[in-house]
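What follows is a pair of complexes built around chain A, which joins chain B in one and chain C in the other.
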Partner chain A sequence: MSLVNYATREITCKIVYYGPGRSGKTTNLHYIYGQVPGDRKGQMVSLATQTDRTLFFDFLPIDLGTISGFSTRFQLYTVPGQIYYATTRKLVLQGADGVVFVADSQSRQLQENIESFQDLHSNLAEHGVDARAVPLVIQYNKQDLPADMVMGVSDLDEQLNFRGVPSFGADALHGPGVFETLRAISELVLRRLSSGGNR
Partner chain B sequence: MQLQVAADWVEAPLKAFVDEARAEVAVLMHPSGQVLGQFGFVRSVDVVTACALAAAIHASSGELGRLVEGKPFAGMHYAGPTKQIFLAPVEIADGTLLLLTVFDEESSLGLVQLFFKEFAARVAKVAPEFKSAEAALAVDFEGELNKNLALMFGRG
Partner chain C sequence: MRLDPRFTFDTLMVGGGNRLAVAAARAVAESPGTVYNPLFVYGTTGLGKTHLMGAIAGLATSLQPDIEVEYLSLDEFMAQMHAAISAGQLDAFARKCERIGLLLLDDVQFLAGRRETQGELLRLFERMQTQGRQIVLTSDRPPSEIDDVDDRLVSRLSGGLLVDVTAPDFETRVAILRSLCAERKISFKDGMLEELARFEFANVRELQGALNRLMAHQAMGLADAPPRPSQELRRAATEFESFLTDIASAVQEHVASWQTRIRERMAYWAGEGYRTGVLQRALDLPKEPDVDGLLATFAAAVEHLKRLERSASAVDERLGADPVFRDPERMSEAEDLVERALSGDTPPPLPIITFQREGFDVGASNQLAAHAADAVVQDPGGKYNPLLVHGPSGVGKTHLLHAIGNVLADTPMPGGKARIVGCVHAQKFIDELIAAIQGGTIDRWRRRYGHVDALLVDDVQFVAGKERTQEEFFALFNTIVGEGRQIVLTSDRTPAEIPDLEARLRSRFEGGLVVAIQPPDRPLRERLFARFLESAGRAAPPELLSTLAEPSVQSVREIIGMVNRLGAVADAGGVPLTTQVARAELGMPTPLAGVPAVQRSRGTRDASFLDAEKVVWEWPDVTARIIEEFR
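Right after this comes the complex of A and B.
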């Protein structure tokens, strides 16, 4: 649920990075955190295990500045990707205004991607949300790995992107594709607000 | 300290609660972590982080309550060496909100719980139905968005 305050001209939106374990969701947030100037970001909070696997979520608030006269803030969350954190994923997804699905481009991870994508749709449905109506962007991460290990963007699109949503190849560790993904989901979420389609 | 509200109807109940319960910090939020009004935080980024964490505590303790007791816990209390927090749901016509409050030795859990009940009743009376936002942004907002993002990422 985007929060729009007409009196103070402020908009706050929640974006959730979703996907299978080790696909690079936290890496996306780390890269964004490293790029955004200090006065435009809050503290990055990671509720992680001792081995740095996301236990509950990562959280990064960023300030997009003024858009159409509204001070616009995004709260970026990741979910834990491991299968046994299903309940936690559902909780973090609550109230999401937009979702970035981070897929692992490695051929051997295809089934995990498909299962996680189905899990996303199932959790949205459990929240009473029509998955087709939620702004969604797909990122195919780890495209920097050797070509014989990864699937190309068009092949992955064929397997996962049946809705034809914006999709991007990425190397979240080094940056390519991270900005484009964030820009695309920001645009989709804000476009809903420009048409009054919030909630 | 200043009272900061995102929704006007939050202001009076929150101010009354802070005064009466002698709380140090109080935040009313949506269960998704969105701030509706706060008192006590100096930096707005600290508020959103606190709300994200509080929403997570509430969500996970609710699930834990369902697991062990068949229903969510009504509220949570943690006591630190000098400060304590109390987190509890506030039922309104359109769902549930959360109040997170921090207090020290100037107050007590009993006092906070006592005035929380009054706060919850006040909020339930004045909370409007959440509705779809009217078209908030201009149709051609993309130019500003792209410019702001490019500046943030050093591409401006």
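Right after this comes the complex of A and C.
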């Protein structure tokens, strides 16, 4: 997928929200969906089970309009977090321009975060993508939960963020941190262009 | 039309909604006609577009007092243009426009549907831009969304910088309100303006209106505070809006940079089939080069290449496809090519340098031909003219022909002039003739071959049945032989056996010396084997040579093939090439055993088969072999 098409003056970004099950990836998308004015967003496609778990993936297209003469579109995807949807995760990850890793801040979920983060790396590697080159942002969700249940951002950074990518604490249900995350990943993706990373 | 002098950059409130537009406007005002031309600013009414134009005009005039600035709404501009057209003075009007250093056109969305004036406008803009005049346009929508506008005009309007202004964000609204209050020398209670600014005003005029109402209320002593807007609603709108603003500046910074302009043109030129290596290298520069100059130079180079290509293909169709016309970096090569094509002295093909006389082994089967060749080289155009060598394929005719060519090319003519040798395969000769007939460049073709000092044509039997070629060849032949220059021909049969060959040509072919090369005899075969084995870096004991030379072969190529095959077999087996190996491989009876070998046709067993066989036998134990079998 070409990120910037200079011939048709289009920018298309595919951003994938990755993370363990129940960490709040779909919630992120729902919040963004709620904030985008009606004419700017496409239909949010969500394939969820009855218990509101993502079955296949969520897809939210956002039209940012014409920026500097470029018609700009963002496509946000989530992957299903549960272990047994490995194939789907790999599929959705294909051609991603940027990845948001949504981690669950709850202390008892730490191991699952780590496993999912490793899963992300191995999937990227299987796509032949250098994980160090992919724009990545980490979001520590559920920071609104009582402090004795969750780990702080700096503790989580220590556990997960060994590469020192931008990371944000968030409360995806109510909004704080959601747009900060999206903004950070978008800027990383766009910055990659100027460094000649145009594929 | 006069611009309000209060419209300056200092009085313009800069916020997320117009940061880009203001930066671009400032750049334009500081150096009109160089950076963004045209600058196209769009956004709904009341967001400060006209203010921006006034600011550009003011700053530009203060920096360059002699610059001519014209601010017009599109309607006024159109009216002037129509008046000029009806007075028959469009030219004078255009000249007047060209003098304007900075043209500011407001509300160009009214272009919609005016097809005939769009055309005039397009031409006018082109003239102004080539003169380096700055054009700034505003509209309430981007060019692509103005209905019914000529695509060329749209692309021209979008060709500089397209930038939008959006409604001011909260902080900007507060700043605007404060400056309005300062201007009118009024003051409100703390927090009052902030509270007012919380309303989502679509534009600045509404904001002014609200302030005016507030002032009226205050004057009457009624209002303390405007109604409190819902917190939720406010955040909902600004969160996405500020995200959008940030993305816009990120795009501006990373995508719509100078690299982008270069990449865009690269995509375009690459689409046209041109190499863009120069531009690619420019992208790697640490800082911004003179992009306009670079792109203009590149475009000029491409234009030049196109002209060169046209003149080259006028000479010769096939030259047009030459890759040098697609690479601006090979401009000088392209120029050379055209020059040569135009002067018509593209030299005829030269003999292949690897075929030397020393490499041609002489035996009973070819000594006559070799002797004739030596005689020709001694006295070109003298004794045997033409010399025609015939024989089955692979006996060395081509080798001998090129060898003669090489010797002739190396010996200068009497008088010291270098000898021009044309050495060509008959098929190529015919192809070139056909192309010349097609392209109407037959004269050039005739000149090309007519002035050679020696013409060597390989496989001349190909002219069979080609009347036009024979006709041309006949004329060429007469010229060359008549002037005492040498012709050497090869053929796979005698002239008498070439079908559909004109009698006058046949008799001329036979008029010199016709000599045959036979398949190599045994002593020559031995010598050839020795030569080829040696050049393959292998030992060639006499016993092996005599064994190898035993079977008769039809051509020298067969010998080369045998040497290659035996070499491969010996290497695969890891054994030296001995008589036994050769016998086994070539399927010859082994004299020692006295038993006839299994009859095999030569050449059916390949090296890889033997290789596999050997590997299997060398496996360490039976178990491993069985396991392998089950795989």
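Note that the second predicted complex is superposed on the first by the 190 of 199 C-alpha atoms of A that agree within 3 Å, B and C clash if a C-alpha of one lies under 4 Å from a C-alpha of the other, contacts with A are read in each partner's own complex, and residues count from 1 in each chain.
Criterion: contacts are C-beta pairs under 8 Å (C-beta built on N, C-alpha and C of every residue); 3 or more make two chains touch, one makes a residue touch a chain.
Not measured: the values here are computed from a predicted model.
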Next on the checklist: Please determine, from the superposition on chain A, whether chain B and chain C clash or fit.
Outcome noted: clash
Next on the checklist: Per the contact definition in the header, classify A:Leu91: touching chain B only (first), chain C only (second), both, or neither.
Outcome noted: first
Next on the checklist: Quick check for you: in the superposed arrangement, does A:Gly21 touch first (chain B), second (chain C), both or neither?
Outcome noted: neither
Checklist entry - Touching A:Leu190 in the superposition: chain B (first), chain C (second), both, neither? => result both
Checklist entry - After superposition on the shared chain, which partner residues are touched by A:Gly42: those of chain B (first), chain C (second), both, or neither? => result first
Next on the checklist: A:Tyr77 in the overlay: touching chain B, chain C, both, or neither? Say first, second, both or neither.
Outcome noted: first
Checklist entry - Taking the superposition as given, does A:Leu182 touch the first partner, chain B, the second, chain C, both, or neither? => result both
Next on the checklist: Quick one: is A:Thr12 in contact with chain B, with chain C, with both, or with neither? Answer first, second, both or neither.
Outcome noted: first
Checklist entry - Of chain B and chain C, which one touches more residues of chain A? => result B
Checklist entry - Does the superposition put A:Leu64 against chain B (first), chain C (second), both, or neither? => result both
Checklist entry - Quick one: which of 4-12, 40-48, 94-102 or 148-156 on chain B sits on top of chain C after the fit? => result 148-156
Item to check | Common interface positions of chain A, toward chain B and toward chain C | outcome: 4, 6-7, 11, 35-37, 40, 64-68, 70, 72, 179, 182-183, 186-187, 190-191, 193-194, 196, 198
Checklist entry - Quick one: in the complex, what on chain A touches chain C? => result 4, 6-7, 11, 34-37, 40, 64-70, 72, 175, 179, 182-183, 186-187, 190-194, 196, 198
Checklist entry - In the complex of these two chains, what residues of chain A are touching chain B? => result 1-8, 10-12, 14, 35-37, 40-43, 45, 47, 56-57, 59, 61-62, 64-68, 70, 72-73, 75, 77, 87-88, 91-92, 94-96, 179, 182-183, 186-187, 190-191, 193-199
Checklist outcome for this item: Note: in the complex, chain C contacts chain A through residues 20, 142, 144, 158, 161-164, 235-237, 239-240, 242-244, 246-248, 250-257, 259-260, 263-264, 266-268, 271, 283-284
Next on the checklist: Which residues of chain B touch chain A once you look at their complex with the stated criterion?
Outcome noted: 6-8, 30-36, 45-46, 48-49, 52-53, 56, 59-60, 63, 130-139, 141-142, 144-146, 148-149, 151-155
